[in-house]
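Each of the two complexes below includes subunit A, the first together with subunit B, the second together with subunit C.
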Partner chain A sequence: MTFDLFVLPFFIGLLFLLGVLVVKYSRWIAMMDASDRVKAGMALFSFSLLKTIKEIFMESLLHRRMFKRNPLLGFMHMSFALGWLLLIVMGNLESRVYSGGHINPPYYPIFLKFFIHDKRVLPFEIFTLPGFFRFIMDLILLFVLSGLVLALFKRTRSKWFGLKRTTVHNSFDKWAITSLWLIFPMRLLAESFTAGIYKGGGFLTNTLGSFFNLIFPLEYLAYPAWWAYSFMLGIFFVTLPWSRFMHIPTEVILIFLRNAGIEQGKYPGSFSEIEINSCPRCGVCIDVCQMNQAGLTGSTAVYFIRSLRDQQTDVQLNSNCMMCGRCLEACPVGIDTLGLRVGARRVDNKGIISDFSYLMKQPLIKKKTEVVYFAGCMGHLTPGVKRAMLQIFEKAGIGYTFLDEDGSICCGRPLKLAGMQEAALKLVSENTVKIKNTGAKILVTSCPICYKVFNNDYKLEGITVMHHSVFIDNLVKEGKLILRPSALKAVYHDPCELGRGSGIYEQPRNVLKQIAEVSDVAEERANSLCCGGSIGDLAMNAIQRNVIRDNALNILCQSRPDVLVTACPLCKKTFDSGNTIVVKDIAELVADNMEPNKLQLHAAELIDQQCVIS
Partner chain B sequence: MEKKPKNFGYSVTRDRQIDFDANNHDICKIVTKAEPTLNLCISCGSCAATCTAGQFTDFSLRQVILLLRRGETKDLDKEVSKCMLCGKCQLVCPRNVSTRNLVIQISKALCDNRMSAS
Partner chain C sequence: MEKHVVVIGAGPAGLETSASLSKLGFRVTLVEKEEATGGHLKKWHALFPTLLSGKDALESITKELNSTIKIQTATKITGLEAVNDYFTISGHNGWQEKADAVVLTTGFQLFDSHRKEEYGYGIYENVITSADLEELFASGKEFVNRHGNKPERVGFVHCVGSRDEKVNNLHCSKVCCITAVKQAIEVKQLLPDAEIFCFYMDLRMFGRHYEELYKEAQEKYNIQFIRGRLSESTEDHEGNIVVKVEDTLLGKPLRIKVGLLVLMAGMEPRAGTKSLTTMLGLKNVPDGFIQPVDEVLRSNFTEIPGVFVAGTCSGPKSVSDTLADARSAALAVADYLKS
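Here is the complex of A and B:
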């Protein structure tokens, strides 16, 4: 017997799912740029495929990043993903052994225990262990069920799993998850009932079956249980393409494409669609999002991506994000949440015209030096930072050109973050001409926002872009700048664009450590908080910003430091308005604590000697 | 021969009447709905004083808001298009007006208005 009517719900569901997936995948391939398609094709036959397979195993099955976040959360996801895959693989092997190596219909291994209740030792098992398959299949099922128990606990005790808040799912997702959760208990019941009748099964199903046999009329219950099991599988497969579980077949593709070197590119496009479909709505991004503190719970990455997928985008939702990148850092799937947000804003702000023709008339600076300094808009708004940098240049004896002394042209990043790409590019080209004209080798900027965009979007061949913290660190290492230790107790705040955005964590700390005693902060480096002043957000009002600022200040000032040091004029300006602590830019602190360097000491000695001689 | 009138360097400024009834007040309403903090503006001019674009050209957010409130929206989109969205005005605004979003909303409202007119 290899067929029974009850397999139909599963079988139809499976065929339906495969059909939908084929349609979706072909749409994505069709939407792809030709160059990306070539890249993807090449990646199929290159070494990056091995990397992809490894990553799929580590992330999609073992859930390494989830484990890092919280072991319990990781185990829960692993037991479902790895457990289910093992059930399928081992079930297939088992059915192959029974059928003598023949290929079976897809439902056969899934419902094997219904068709075969054999207690004989199989030929293959003689060489290993008698009852090997019965034991291993029960063990895997137990593994999956342990994950299910954890998942149920997570509903009420999410804090055990490292999650303070969890995603509020829509009703469709609730249907899908209910069917997923019921699949495995139904399998357990169906297999146990059958094992109870035929005295078969492994350690789990046999024990349960014998127990149930004492109290239930199993001959009437077994068949309905198989139907229920099949139905649950069917419902899950039918709901999958429109539920959060679409991430299962999509994440694999995302990992492959990412390793093939394909980037988000245009929006909406194939890659962004795949990213949107890869979001499992696990809710890891919810706790890290500071917008929650301001009561803006609806615009977190998970809900934003859901709105994109359901094509219910909302301007308010798209605008309400500080683009700090904390969700990007936390996301176990590695979805470029910020890129998607900018993409959505690009659609929102499509018709806006920008005209910067007035910039054309600006004269170019004639001075030529190795180093050129760009304070940026925010640098001009914090004159202390600007002044400190000029002092440092003087002290270290660096010849410099102050590029935007008479007012800077904005770097373009604010426009880019607002989704006005074309307008941003106009500013980029305008600034590029100005910078290149100076013939400089090093471009030093005080503003991490400018720094990021100079690095990512400007084509400044032959010019090294440096944030001033890096530049100062280099000066100190080269001995051009000697710092004087002070008795100050300081904490360092990583600006979003400098830390997470550009990966600069150590240089400012190196400098700071030479001047002050630096204590650690609860949320620092990649987990650093946003100051609340972000230019990434468009819709937040000042009261909401202040809540975020004050919460960040609370965490930063836990160790009661004398001074809060940052490396971003915008962060400085924002924290300053909190009026809780002295806030200084790293350049200001350096300028206050500089010793004369060797050359200057030498010069001073010479003068002294001359004085003595004369 | 007719005698040319002598120019003494003075001129008569033509009477400038603002016909409020003829002006377009809808834009201001749309913008205020989208960015309610516009109502907080006291026209102090801090935004214009710090403006990045204002250093290169005669762009002034204060003036933009003034024209918007009066309903003189005819050439407003040309004015607003000069903004680089750098956000300095937002930081200096003593009334905490969300100026960046304000500029975007004005541009959007004007854009929609243009679309519906054409």
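Here is the complex of A and C:
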């Protein structure tokens, strides 16, 4: 057995890391709901495991989502992740060439070049097995080092990597990253020095070794270099469980659990712990977070999640988020940032008792129609939208029941976003009774906030929930509504809850394109901006909201449109208060530009003919 | 040489400043962007608390102008610049002047009530503003709503566009509370059988005889004051307006059907005022009104020597306050030009 004292820092560090991981993971497994544990166990033996392996390869190693964001950023992450893994795997294989296929102690392949000086292999030899390994190991090391060079550049030139702002790391993370960054240069030096002494090494280490041999007394430097390399590995392993690099082992678990169909629980639990520990603090969420514009830099997802991990969150931090979902969309790890925020708010607001007994006095509506319309609280605050919808129903000849004509019971979504699930459920059940009682088949709502909660949280069997933009699009496609083109130049704003929240991007655009000339905007569809009026934030003041609104208006109005069209009464109200452009809901624009439909035209023709006859 | 002062804006503030400056012996040019002078007062039927007619008030103010004052109407200011110790001022129509001092009397603009969409202005016909109501009074026509009916109930909504963060206006417009009291009494006089409601947050009866008028409104005219901000209004099938409001004294939600709903639209700084202050290089403050050097001690002075301010362009004021402010500004100008 080959051994040297210098391997100890690495070896102890590794054992320490494994010990900590075993303790942490066992605790998380113990915290899991029994049903989730069963799901996870089943997933180990199902096809979802293949999906998991593929996802780990694509995301944790290749960093596909990072590449999509910015190729340089993707390459940097890939070179570290894939490169290091390849060093481990290939190093292991190489060590077996020399150990006759035996399994070696873990330090042996890592420090192989210290133990083995194979003088039979020529430095640039590729086509023998040892020569191939020597070549490939140098190549992989070069690959990792290229990532390191990029990482150093990223410190000062983050814009090249598509990041205007980067994460401000705490001092612990700085220690961890310094040790990580030093691992690979130390390996290069140790291997080169040894190669210089023994005339070994591959194309990289041999060349460097020969060069160093000319100027340095390598026989004195090589051994300390191996110690330094081992120390860097040791320090990195010891700091890892408390640093951002905990994401490396944990993200793998997260991907597995997610594919096993496990979700966040009602209150912060093991799954959310795993999500929190999977955050690499890459900072991709910082640029997309509009809270920064209002000077609220501390509550961005990366810092919020770090505070959760450090157990240092407070009500202010938890409350300051518009829940627009832009960070969720951008997150390369796919952490449910919004769910974590709601979870934290649930803890904050646990003691609040809500009494909705007065709601039970609401009369039930028993008009039997195919369609039931729900304007929602926000719909009532924008009577223009409500009136437009009623005109559209009239014009298209749709019999409808106006469920909340005399006032709405809130859909429950604002309470849910505030973390008050139990209170929300009372409203949900009350509304469910009212909706079901109408016997309608289609529930049309004007408010994307209501739409999302009706769709996700209500159990409305047999009733299709439609946002009015989708309903109108259907009416147009069915020929029940004929639209008149106008000379208007319009831009469309995707409301958070309708677009990112519910995936409805095309229907409102389909309708709008029949009426107006629609220009693209810089941030649209999944990247759409929040209007600033969000009910998701519980702490922002009006001035901060106005800054966010005005920035969004600026971007939306770059093409100088005549009208800004949206499909959410809250977005409409918010943008309207900016007083810079005419803002309309898609329903209002439709109501202003409807032609008589075919039936009505036919009736009019008949009347005309009768007139001629008589 | 006779010193020359240009006064910008010919509402009550501009008219009164010009008259005072002229009496003090200065050459005055009064510039107005509209065809006629008089500002908002032109369309105002009667003034609180005495019910002095707007027409009479304007006549009385205008009478003080003498023939040496040059009145330049239909002129929008496009250039305004301090050059050494004088100012150059130019209008869109080629008009140009030099002045030794400038007084900004650009007044206010009425809050656009469309921006409080939940109240239904511009959507429901029987939702009107306080200014619309004055025009209705002034027209002398029979008092009916837009459906031609004598309303059985009339509602007044206080603080529309004032003290409302949601429309970016934190300020109190000062005059709307007493205007609502005055208008409620006038409506009651025209429709003795109607029930009148005022929905308010606070009642700010700051002037002499205002509180008396408010008391009279309650005791003599039986006008009901309900403390609570309107949440929304809807229209029923007969065109009545159904308002949803919480009576915060009783702690009860209310639903009241009215035949006419009057929105007490507040005062906002004019959009044009900002372009003038920008031309001069005066700093723009968040509420948009012109900022005097000191709101207590030097309320007519701006940061720029020779540029003065009077009337509602530096904050909401009643007509009487505006006239006093205008005369005060004239004295400040005189002081500046004679030193």
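Here, the second predicted complex is superposed on the first by the 603 of 614 C-alpha atoms of A that agree within 3 Å, B and C clash if a C-alpha of one lies under 4 Å from a C-alpha of the other, contacts with A are read in each partner's own complex, and residues count from 1 in each chain.
Methods note: contacts are C-beta pairs under 8 Å (C-beta built on N, C-alpha and C of every residue); 3 or more make two chains touch, one makes a residue touch a chain.
Just so it is clear, the model here is predicted, and its values are computed rather than measured.
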**Asked** Which term applies to subunit B and subunit C once both are placed on subunit A by superposition, clash or fit?
**Response** clash
**Message:** If you tally the residues of subunit A touched by each partner, is the higher count for subunit B or for subunit C?
**Reply:** B
**Prompt:** What is the contact status of A:415 with respect to subunit B (first) and subunit C (second): first, second, both, or neither?
**Reply:** first
**Request:** In the overlay, answer first, second, both or neither for which of subunit B and subunit C A:461 touches.
**Result:** neither
**Prompt:** Given the touch rule stated above, what does A:542 touch, subunit B (first), subunit C (second), both, or neither?
**Reply:** both
**Message:** Under the stated touch criterion, which partner chain does A:381 make contact with: subunit B (first), subunit C (second), both, or neither?
**Reply:** both
**Prompt:** Is A:407 contacted by the first partner subunit B, the second partner subunit C, both or neither?
**Reply:** both
**Message:** According to the stated criteria, A:573 is in contact with first (subunit B), second (subunit C), both, or neither; which is it?
**Reply:** both
**Prompt:** Considering 26-34, 44-52 or 98-106, which region of subunit B has C-alpha atoms that clash with subunit C after the structures are aligned on chain A?
**Reply:** 44-52
**Prompt:** Hey, what residues of subunit A end up touching subunit B and subunit C alike?
**Reply:** 380-381, 407, 541-543, 573
**Complete:** Listed in rising order, the residues of subunit A that touch subunit B in the complex are 319, 349, 351-356, 358-359, 361-362, 377-378, 380-381, 406-410, 412, 414-415, 418, 420, 427, 533, 535, 538-543, 570, 573-574
**Asked** subunit C touches which residues of subunit A in the complex?
**Response** 380-384, 387, 405, 407, 541-543, 546, 573, 576-577, 579
**Of subunit B, residues touching subunit A in the complex** = 37, 50, 52-53, 55-57, 77-78, 81-88, 91-92, 96, 98, 100-101, 104, 107-108, 111-112, 115
**Item:** Complex contacts: residues of subunit C adjacent to subunit A
**Value:** 115, 117-118, 120, 123-124, 165-168, 231-235, 244, 255, 286
